[in-house]
Amino acid sequence: MNDDTVTVMSALPVVLLLTSLVPALLIFALREKQTVLRTTLNLAGAIAKVVLVIVLIPRVVAGEELRAEFTWIPGLDIVFVTDTFSLFFVALSAGLWLATTIYAVGYLEGSPNRSRFFGFFSLCVTATVGIALAGNLLTFLIFFELLTLVTYPLVAHRGTRAALRGARIYLAYTLGGGVALLLGVAWLTLEVGPVEFRAGGIPEVAEFAARDPLTATVIGAVLLLGVGVKAALFPLHGWLPIAMVAPAPVSALLHAVAVVKAGAFGIIRIVEDVFGLALFAELGMLQALAVVASVTIVYGSVRALAQDDLKKRLAYSTVSQVSYIALGAALLSPIATAGAIVHMVNQGFMKITLFFCAGLFAEELKLSKVSQLAGVGRRMPVTSAAFTIAALGMIGLPPFAGFISKWALGLGGLDAGQPWVIAVLLTSTVLNAAYFLPIIATIWTSPRSESEGSDEGTFPAPARRSGWEAPASLLLPAVATALFVILFGVAAGWDYSPWVLAQIVGEGAWP
Amino acid sequence: MTTLQLFMYAGAFILVLGVAATLLVRDLIRRLIALNVASGGVMLLLLALADRGDGEPDPVPQALVLTGIVVMAAVTGIAIVLARRVEQLDDDLEEVEQ
Amino acid sequence: MSAAVSVALIVAAFILFACILAGLWRAVAGPTIEDRLTAFVLLGAGGAALFIVLAAIADLPALRDVAIVVVGLATIVAVVFTRRSVR
Amino acid sequence: MSAAALVLVPVFLPLAVGALSAVLPRRAAATLTVIAAVATLMVAVLLGIAVLDAGPVRLEVAGWAPPVGILLAADGLSVVMIGLSAIAVLAATLVAAADDHFAGGHAFWPLVGAAAAAVNGVFVARDVFTAFVLLELLTIASVALVALGGTRSAAAALRYLFVAVTGSLFFLLAVALTYGHTGTVDLARAAERADDTVIVGAIIALTVVGMAAKTALFPLHSWLPVAHPAAPAAVSALLSALVIKASIVILWRIVEYFGPLTDLAAPLATAVGVAGAAAVLWGGVLALRRDRLKSIIAYSTVAQVGYMVLLVPLVFTASDPQVAWIGGILITLAHGVAKVAMFLAAGALATAAGTSRLDGLEGTISRMPWTVAAIGLAGVSLAGLPPTLGFVGKWMLVQASLDAGAWWWLALLLGGGLLTFAYTARMLRATFNPPGDFSGARELTRPARTVAIVPLALAALSVVLGLIPWLLIEVLSAAPMGGGA
Amino acid sequence: MTVIAFSDVDVLDMLVVAAVAVTAILAIAIPRRVGATIAFLVFGLLLALLWARVAAPDVAIAEAALGGGVAGALLVDALHRRQPAQPNRDRRRAVAITAVGAALGAVTFAALATVLSRLTAEPADLGPLALEAVERSGVSHPITAVLLNFRNLDTLLEIAVVVFAAVGAAALSRDRIRTVTDPGPVRRVIAVIIVPALVLLAAWLLVAGTSEPGGAFQAGAVLGAALIIAHLCGVRPARAAGGRALVLVVAGLLAFILLGGIGLAATGTWLALDLSWAFAAILAIETLLTVSIGVALAMLFLAAGSRDDAAAADRAADAPALGGAP
């Protein structure tokens, strides 16, 4: 490889960012009516990103690492790196962004302020990719805060009182988290200088922790606090159920791709690539994280039980499910680490499917409550099937993706010598079943109204008679992600499957 | 007490007096007068310092005070323009009320 | 400058100073515009005289310029003083 | 022309243009002012290059060296601040040229020239008496500019005048003490000769009080939220972004030169820090409770002044004072850029909606998205969030506070940012469409195109500078504060 | 110039200082504007005396011309307005505020006095440097050398203060300045006698300034006073308003800046004067500055009164329409 190729290759991380940043800026400048151009830009960016990722995966897995760095202030650089873990997260974001973009184009057809919406939508993905590619804590911090800022207009998009309130609470939580993160990053930078992520932990941090374990513990706690807000760890989860007032594609993005995943990704980065699992355990924080994660898992599930609003129930489910990732990261076992990592993908695909379907129900039938869903299965069979697949996956039934996660986490718990994890997982699974199965049951049973003989009056008539139960742009993404939920479960052993990749990433943390 | 000290303390006294009155008095014209009094105090201080000793006084502080006096005259001018504008407005408002 | 002249100048200075203080009293106390105006003219004249005397005592001829300015500009205050109230 | 000759250009050029503008027709005045601002910006760049090349650029005016003559010198601080002033003036005049509402009258042009000359002069002044005269020139120009806001602004302008001149008198007293103690008014020479702790402490204390009044540092801030909103929008922008910086810089200079000479500096610096802390909280809380755009932004200035003085205690305690200096300077710079953007954007919104009240702005986000975006981005920079210049400054101040173990300042830096974003978000929220109305049906008077572009360009500038701040930092470190000019 | 010494301090000095202090107290304490203004004018006169005692005749001339002249005219002209009634403050509160103010003032004064007591009585040893340099300045009067050569940047900026104050004031005056139409016989006489005398005085101060006390500021202040008197006495061309007057005002400033540029071109340094033409340059610039300052001060005065003049004129115009109500 000659020098030119090196330059080109090292620019690739930046190109990955630009594939969503450039469309975002262009879209902002578009007039409201330029729908076709806007959609083209959006899709072109999303597809380009996916293609780039697909090109990069084999190279990165083969051990090639691409870097791009810029001076920010003298002595402190902005660094982008494609290691296995970052690419893993980029791949997840890129794939789900493509699906969500298609969905959002259909979902928002004809509604106002779309240039603003899609602009921020693309910026949101840019921020997520930036978080993924960040090579040091400073870069991570910059994009982490950026993510907060660009999601705010999305949550507030509708401008209703509830939307503005949700956005305000979201902002208060996440900016508060950002403050903690800034403090932690600045502090650590002051103590050990500008250091880059390294699988297995940064040596300078280890030295520092040996010198001053108390300060190191405090810094670690502050950092976790900072990312814990976005990861919706109990008791920092309060924003998530309120932020579900956002339009469905935004909820999908928030819950599956961008915000909570950024938090979870941050937890793993800090635990594994800054401190290192061993050091973190030594400082006693791994155990604390495990306890918090377990509490969140159970708490989220319990709260989900009580919700009648479908999106709210899903939101609490997210609170619970994301903490699986934190739990996995908090166990001293390679397989648990891999479980945590693979759950990022699995949970992402499952939850996005669920939100797509919830959006479909709301859009087509104006139904948002669980109790109203009776008989929907007959009216919208495809959507309902996708929903069912994802929900079963969430519960953790084989052969769906969720099973892989739970299995790996359970094994990891045993491997780490912490069998109580199994109990947590079992409790959670029972609760998952308790709040998902009734929904599935309601969907597929006959509506009460039928027995009263007023079948047609129950649901509004479909707007189009195209033979589809819903517009293709809404339906296809949901179906596709649902299929992936099956695929990731069934084909977990194939090359380049999430599980295999997650194991590669996870092993990196165990030098 | 020396002449220098006499002048310096007098300057400080007048300055403090003027500043206190600037802060406490509410009538605009009287406030402006107080401000001018205060500046007189500082100038006294500077000139007293210029004339220490027996030789010819240092011309630099004298030039500074000269500058200061002209600046204060400009300030007084613009302040009176504004004060009269404010009071005219108050009068007009009163007339409207009546 | 002989001692006698010098003493006479000093006495003159004190007297003029007393005049100024007296004028100050009337000018501030008023009560009519005419009182104030008269007192003010006295002040101007007294001040100018004092400057001339000081010019002699201190051998600073430039103080005579001050005296001329004081006299010249006492007019402006008088003119302004009478301007509005006359109308 | 040697680099030294450049130092006076940012003073004389706007001054000459200002004087000409008084007698020229509006169009010519506007054109000249814009050209002067662009030229000043170029001079700032040239000075920056010279500073990078060979450190501070010194000019002995009229060929007389201190103590007889006056020394002017451009260091890193001078260069970046002149750059800020050029940008702020350029932005304000472009907008004022496009829409007369923003200017308030023809006198805007000469007075802006005078104000620009005065602030630029302060940035290069190394002579306390020259600084005093410059401050007075600035006061006269700013007060007259405020009074351009219409009949009702006269009272606000007068109040401002009294505070500002009283502040100047305190500073003049400090000048008198400096002369009395050292026999010179040249800063460097005076610092060399000063040896009395109490007198030097008094000089610092008097400067602090005087400049606190002129900068509206808590608790001497109450005139600012009256004066700044009373002015026309372009003037408000300049007052908040630029004018208060002059007194801040003088405060910094005195701390820079005299601070190391006295034991009294540390307690004084702490007092300044406490006042700054109170300003951040008080200004922030009151900004949250106002319901007019310009009023919110003015209180935001009160709060941000707190950040600008926060470096004063830090330079005494941090192990590397340069970090605190540079952080504080960058925050001040960021505030300048963001405040111009915010006030101009607020002016555009108020013109369009016919009111400055928050509840009258509903729907403006759909009709004027760029203007609202400018307010949002500027708020991000003020709050010190990435990727803006405000974040860079905050980062460095956080580093300095951590380094000094100053937990109070740290909490303030971090918490104050939240407060800032809270009132920014409040402004943004007010611009959303009313529930149920997605079309933004209310007709708005659309302002000129320039009026929309300029604030956004400035907001974008804070992002650009936030991403590549190293150039600024290089210039600031090439001729560091306290490095002697 | 000791007159009668009494424990190191001259008695006349003591008396003047005491009188200055008393008038200062009167000027701030008298509640009525008329009394306060007059006390202030006397304060100015006594200050001028004091300046004479500290060997600063230049400052004394300026104080007399500005404090007693133009600033006095400005203040006195504002007197005809009815003093706005102060909102009735609670008397006890007023007393309390005054007491607190006095206490704080006393503390401040004590602190200040402590600091001042540490200043040495030795003259500043850098002062003589300036006196030595006078030879190379082009003029023989030290203060003029300082103002127009050593520290001419300060002077330039200070002219700018006056110029822009006038620009601002002109912008704030509502109407065109009106000519005084019927000055009456006494004023006509004043106009004929006093105004030329003052102009002459201004010219003298200007020329004298190069070798003895006097100079552009003093001359300008006197010229300003002359213009004001001329205006009030109905001399038409003295109506210092509008474009022409502004041109005169800014001309001095622009010329000064131009001189700075010439210095740069000729010597490589801003505002530097070559000894060969320094005298000519200083005299020329001082002349322009005198006109600039004079017109600017007159503009300030006229701008301050313009609203009331206009209001009075309106009332006069309205009066017949009201049918001569009693």
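Labels for the chains are A, B, C, D and E, by order of writing; each one numbers its residues from 1.
Methods note: contacts are C-beta pairs under 8 Å (C-beta built on N, C-alpha and C of every residue); 3 or more make two chains touch, one makes a residue touch a chain.
On a predicted model such as this, the values are computed, not experimentally measured, just so you know.
*Asks:* In contact with subunit A and with subunit C at once: which chains are those? Just list them.
*Replies:* none
*Asks:* Just to be sure I understand: going only through chains that touch, what's the smallest number of steps from subunit D to subunit E?
*Replies:* Tracing touching chains, the least step count from subunit D to subunit E comes to 1.
*Asks:* Where's the contact count highest, between which chains?
*Replies:* B-E
*Asks:* If you average the CA coordinates per chain, which chain's centre is most distant from that of subunit D?
*Replies:* Of all the other chains, the one whose centre lies farthest from subunit D is C.
*Asks:* Going by C-alpha centres, which chain would you call the most central?
*Replies:* Checking distances from each chain centre to the full centroid gives D.
*Asks:* Which chain has its C-alpha centre farthest away from the C-alpha centre of subunit B?
*Replies:* A
*Asks:* Report, in whole Å, the distance between the mean C-alpha point of subunit C and the mean C-alpha point of subunit E.
*Replies:* A distance of 19 Å separates the two centres.
*Asks:* Can you give the whole-Å distance between the Cα centres of subunit B and subunit D?
*Replies:* 27
*Asks:* Distance-wise, how many Å sit between the C-alpha centres of subunit C and subunit D, to the nearest whole number?
*Replies:* About 48 Å, centre to centre.
*Asks:* Cα centroid separation between subunit A and subunit E, in whole Å?
*Replies:* 73
*Asks:* Where in subunit B do residues touch at least two different other chains?
*Replies:* 15, 23, 45, 49, 58, 60, 64, 67, 71, 74-75, 78, 82-83, 85
*Asks:* If you look at subunit A, which of its residues touch at least two other chains?
*Replies:* Expected reply: no residues.
*Asks:* Residues of subunit D that touch two or more other chains: which are they?
*Replies:* Residues 67-68, 129, 133, 136, 140, 143-144, 147, 154, 179-180, 183.
*Asks:* Let me make sure I understand the interfaces: which chain pairs count as touching?
*Replies:* Contact pairs between chains: A-D, B-D, B-E, C-E, D-E.
*Asks:* Which positions of subunit E touch subunit C when the two form their complex?
*Replies:* 1, 3-4, 12, 15-16, 19, 23, 26, 30, 34-35, 38-39, 41-42, 45-46, 48-49, 52-53, 55, 57-58, 60-61, 64-65, 68-70, 72-73, 76-77, 79-80, 184, 187, 190, 194, 197-198, 201, 204-205, 208, 212-214, 218, 222, 225, 228-229, 232-233, 308, 312
*Asks:* Which stretch or stretches of subunit A touch subunit D in the complex?
*Replies:* Its residues touching subunit D are 28, 70-74, 78, 111-113, 116, 141-143, 145-146, 148-149, 152, 156, 159-161, 164, 167-168, 171-172, 175-176, 178-179, 182-183, 186-187, 189-190.
*Asks:* Please output the residues of subunit E touching subunit D within their complex, sorted ascending.
*Replies:* Listed in rising order, the residues of subunit E that touch subunit D are 111-112, 114-116, 118-119, 123-127, 129-130, 133, 149-154, 157-158, 160-161, 163-165, 167-172, 243, 246-247, 249-250, 253-254, 257, 260-261, 263-264, 267-273.
*Asks:* Please output the residues of subunit D touching subunit A within their complex, sorted ascending.
*Replies:* 365-366, 369, 380, 385-387, 391-392, 394-396, 398-399, 402-403, 410, 414-415, 417-418, 421-422, 425, 429, 432-436, 438-440, 467-470, 473-474, 477
*Asks:* What part of subunit E is in contact with subunit B in the complex they form?
*Replies:* Those residues of subunit E that touch subunit B are 7-10, 13-14, 17, 20-21, 24-25, 27-29, 31, 33, 36-37, 40, 43-44, 47, 50-51, 54-56, 58-59, 62-63, 66-67, 70-71, 74-75, 77-79, 81, 83-84, 86, 97-98, 101-102, 104-105, 108-109, 112-113, 116-117, 119, 121-124, 126-128, 130-131, 134, 142-143, 145-147, 150-151, 154-155, 158, 161-162, 165-166, 168-169, 172-173, 217, 221, 293, 296-297, 300-301, 303-305, 307-308, 311.
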